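By written order: A, B, C, D, E, F, G, H, I, J, K and L. Residues from 1 in each chain.
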């Protein structure tokens, strides 16, 4: 079937990973996460495009763009998880399978972090496993992408 | 009295109209809506400036700019309807008459879409008529603009 | 296609228009609104039946009656907007396209006026433009009526 | 003990049964329901008075009237279920045993339909069985009426 | 200054007073209350028009009518206290001073009876004193009516 | 069509009927209810299996078992009405028509008893008629079972 | 029957009446209100003890004391209306009939002023009539006191 | 380091998988899921104990037992997700790393399914990927188990 | 009067006491608590039956059984405190005086632990004193049992 | 270890015990409760200081004072339980172990009485046992005081 | 313009500053805060009157008194922040500019501490800076006082 | 110690200060505020970097940047106060002391403006003093910056 193409979206403040509240978000930097993702993607025969931005509009634009080439999306919406209906609508608009990931277990944190406006437009959610949330998410996304190409 | 000048603001994800969830938003593209608006504006002797952006900040900047030249604003805030207090404050700050429009009937959709943070700073709201929401909104805006110029 | 037929429903207290809290509802009387509607309906090749009542049951009966002859309904439910589920169910029962109009912008008023039990059974809503809410509503209703006849 | 006398009250919009949203309310007309009720009432040795109105005040008046002759009341309050405290107070005022019936299972529908202001003044509630809600309700009402006469 | 004219409005189910739940509403009949009101009105040099109806629309019509002749309104809205925004809007529309009375202390009863949609458009409220709620209300209304005529 | 087969499920604490709070639940014992059910089932040409348990898991197991032989289910979930989503999911899983019954009128009791997590997966609900809730429920269940066999 | 004895309780900040927010509370001073009360009490053959304090504990002590001599209590709890459960319990403890009065119509003001923790232990409430709230309250209290002495 | 030992817990109604609401839960049977888990566990050098029960108490007992031998727990609590605080406390009591999995995306379903009482005592949550939720969960659990053994 | 008989009920997860979250629940094991209870019961001339189960149904069965022999019940419902209406109904059904105890101060913990569905059917509650909650509870229960036998 | 010293605080309205709503609070007077406390304190080798006040400020002052000499505090905050954050902060400020007691079972009464703002700063709570709530509370407080002295 | 006069009000429990929960409220005593205030007041040419009380009534009396001589008020309402509407009304009644200060950042603490009933009658609020909250508050108050004298 | 470095962040719409709703926000322009800040910063020996943007992402980027050079942050988040969790997380991520300022007293305005998502990550908040909110905030920030450098 050839390689599947996955857009990986990192939301706001994730550029500071490793240095930002490491007791919550761990000590891995975003570069290290991206390396791990790239390594696994080769194993899974997938091609990744990775973007990070602190600008909601940039993320919306990137997601729009992805509808022309991607087979699935992995997104860690960061703080946007809890209020960015624009992001949610963008994901719904492009119609690709979406895997929502979080480093921390958002359901075990402050009340306001337990609600995701993104979740209803995602296929599924993986949270709480640090870097592994991304890697498990990549496995899920690749599978969804392959199923989609088969249809 | 001469032409009245209207700023037309399209919020996030509206650039995908026609292709995005057409069962909700219809099959007209943004270009087609803009054409229809321009056609009607000629009939009504109005001049339009039309902007679309997925960036909240860009929309705020455009609205600020409008206070120097526009007589009224038509805005479909898209997803920003439900949380962008920045947009609301921008509209309140420029002091122009605002007509809020929506393609779908937001009061008949998911609970979170029924609340508009924009509404309290608008003169009125038109929703549920697809492209016609814009065209009716243009009629309303032109009338408000004319009344404003007369004062 | 011939004339389309529209039922125009004015809810409770609207008979006092012009004299009732004019700072909110404007100075136009109900007769003046009805004249304006009739004038526009001729231009749009529509035929109107206009009713006003302070009795919920009378309005329900009129709406039921309309299912035999009308092509669309324009309704300003007045105070019934906020609690008359009977009116809502009547509108749903007759299955005609419904345009909900309000003189004032109900979404910018007291909390209890922001919720419409009618909205979920209407095609769309127009509010805040005074008499023009009705006239824009008539344009919308005529278009919906024409589309319906075509089907 | 002689025949028991039962008032059967049909609330607003029930006159449209059979033609109104049949996927929810079924295809039986109100006449057919009334026939079925009359047939069963003969079998159970009961006498029925059946009223329907879209006017809350008419229903209140009828319920008041019933306190002079009826032994029990069956009521399908329709939309009034959810807000007519006047109806509730009328039922409480006359002091007869009340059986509340609904064609659809209101507890499985929209949130606002799950709350009945009538229920606290009824002996019991039967809902979800279409026409059979009425027939089961008649059985219950006749039994309550007989017990009441015995006291 | 001559007699002042007062409209006395009795809401739904009040026609059953004396026989309806006397442990809550007392044993006085509506006729007895009206007699007491008429007796006191003579003492206070006031003229009363007294209406009772179980129909919301009738009460709205009567209130509208009163704007042509009355100097004040006493209203016991009964069950309409809690949901009839139509009644509230009618009272606001006619612009007369309104005295809201209740036989029972609604603030000491079920939760839903503690909220009055009428209160915000009334000058004041008197509740809990049985027949005396009306008589005290009449004293208050006459005084308000006299002040109003003086203005 | 032959006999229909009905599973009758009694939830927790119903084994104490007759002795438990008889002012709420009546003086009939569970044995007496079961006898009455069996008598009526013969009249209606139905075969009953009756189970009672205070163990949620036992009830879930029984409901699962029923999918192999029963045509309908009558359930008085007792206290489980208000929180046992496991029971709800079991009923949804087996796909049989479900009739929910309660001895008392749960909608007229404490707030927490007014909400049923079972209701959304039931065809209908009968409550408030004591033993007759079961007998009316049996009539409803037999009818639903027959319709199901016909399909 | 002799004179009845009434305790009149003025809550916190009422010592500033006349000078405090006169647009809400009127221009009468507390001394003027007390004079008017004393004048009317003579007419009604009642004896008053009047206390004012900004100290909740002082008011509780005074109410306790009243159980030895008073026949009824009039209380304007001021700000304590909304939170002083101690005052409420004191009033309930002494078992005298309580008339709650307010100068302004608390049900037409800020949300937090609409709830009275005192109301459930009062016979009734009078609010919105300025000084007349007290005078009407005195009439009510005297009547309740006389009825109590008769028992 | 040798094999890690994982307890896999399937909650109520999961024994019906494949036949129960397949549009939500998929067509895989529990046996098929267990086979897939066992296959993957061999690849990951893990040993599984798999239990399913519709009895909350049985699951609590099994979890208690696991504290003597297991290195981690995978749990799909099914309906217990939403109310079984007993299960939550059991998981907290044994102090093993817990991976919560769900076949469907609970955050995109009915409101009551979006809240997990289990989540705050789990390391993380994986939902929405059908059978793959379990397989991804096994990967996560094995990694957590290995880290725990290393400590 | 002879010995009084007390049923002591330990809810779910209490079998792990001493090893489970000792910072919250203390270091005493259930055996040690039971020993302390037995020692005190001898001093107080009481006879205890002690049960612990993680199965709600087992506890309900035990409570039912107790109505034949016990004079009072001490219960630490553990996690069932917060949702087991079945347990609550069981306690209400047997009609014995109930003393609710908790090791920790549930009113000082997470929000969801502050609400007890058991409390409204208990005579009183003792919480926060660790093992002493039980011992104080035993004193209370013995006294209630003696009073009950005297009646 | 010598005597421990305990401050016993009785909140507002408790001076009326015995005469105040005896069906809720029992027939024992405050003097009788204090006698019983003194008797038991001798047995337990404790020294009591007992205060009662209807003034929140007096109680706060007394609690402050206690930090210089007391080893523990027993408090029945009466009505202050539900709103006196000043009392709560006073108890937190002095840092002594606090035992909260109530004569009645506050968790089985009106909704507003179920919430204690004091509880989060107390070691534990005892309620519902009348005078015995105090005596059990004294046992608990003495034990806490002894443990504190040992530290 | 001469010296401005400022009333500084310290609410309940602030007399224990320095010794009370120093991790929240810091180690400065009230005397030290007052010294710092007096030092700064000389620099700013202001005259202070400083009061502290644990009695709400005393604070209300002091605030009333201040209307005769003060130009502004600084208040740290302590626990009264969250419920003392009497204090709020006192501040509103005297009509002086009010500066609300808090040692800790109340918006970052327990939910109930985030709401201030005082805030709506204050000019502004300063919180979270320990002693500096007072000193910054003094600067603000002096400026407001000067502006007021100028008017 | 040398100069401390402070980042001053102005949120959306603050560029319109002076012209925007001056009755709420005052007549000072942003330039005037910045001048006042610069003047005071010289007096306090601080160095300022001042940024304003209507783009959330730009503010997040600036805050990230500040972690390399600033000693403290002053932020007026404008409309972002109420929803920008991204901003909140950015402030938490950089770990600098944050002073939140507002021109108006947000706690005395519309309900939605009373809640700040930024507050929990700020040291303190100053609001309601117009330009002086900034100047007092600068004093607070400089002090926090100095303390931080000392550590």
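The working rule: a contact is a pair of C-beta atoms (placed from the backbone, for glycine too) under 8 Å apart; a residue touches a chain by one contact, two chains touch by 3 or more.
Computed from a predicted structure; not experimentally measured.
Shared contact partners of chain E and chain G are absent. Counting hops only between chains that touch, chain B reaches chain K in a minimum of 2. Work out the mean CA point of chain C and of chain H, and you get 55 Å between them. One inter-chain figure worth recording: chain B and chain E are separated by 47 Å, centre to centre, where each centre is the mean of the chain's CA atoms. Distance between chain F and chain L, defined via averaged C-alpha coordinates, is recorded as 63 Å. Chain contacts: chain L has residues 55-58, 83 touching two or more partner chains.
Under the touch rule stated earlier, the contacting chain pairs are A-B, A-H, A-L, B-C, B-L, C-D, C-E, D-E, D-F, E-G, F-H, F-I, G-J, G-K, H-I, I-J, J-K, K-L. Chain contact summary for the complex, chain K toward chain G: residues 55-58, 60-61, 64, 83-86, 88-90, 92-94, 117.
On chain A, the positions that touch chain H within their shared complex are 105, 107-108, 114-116, 119-129, 132-133, 136, 139-140, 143. The part of chain J that touches chain G in the complex is made up of residues 11-13, 15-16, 19-21, 53-58, 78-80, 82-83, 112.
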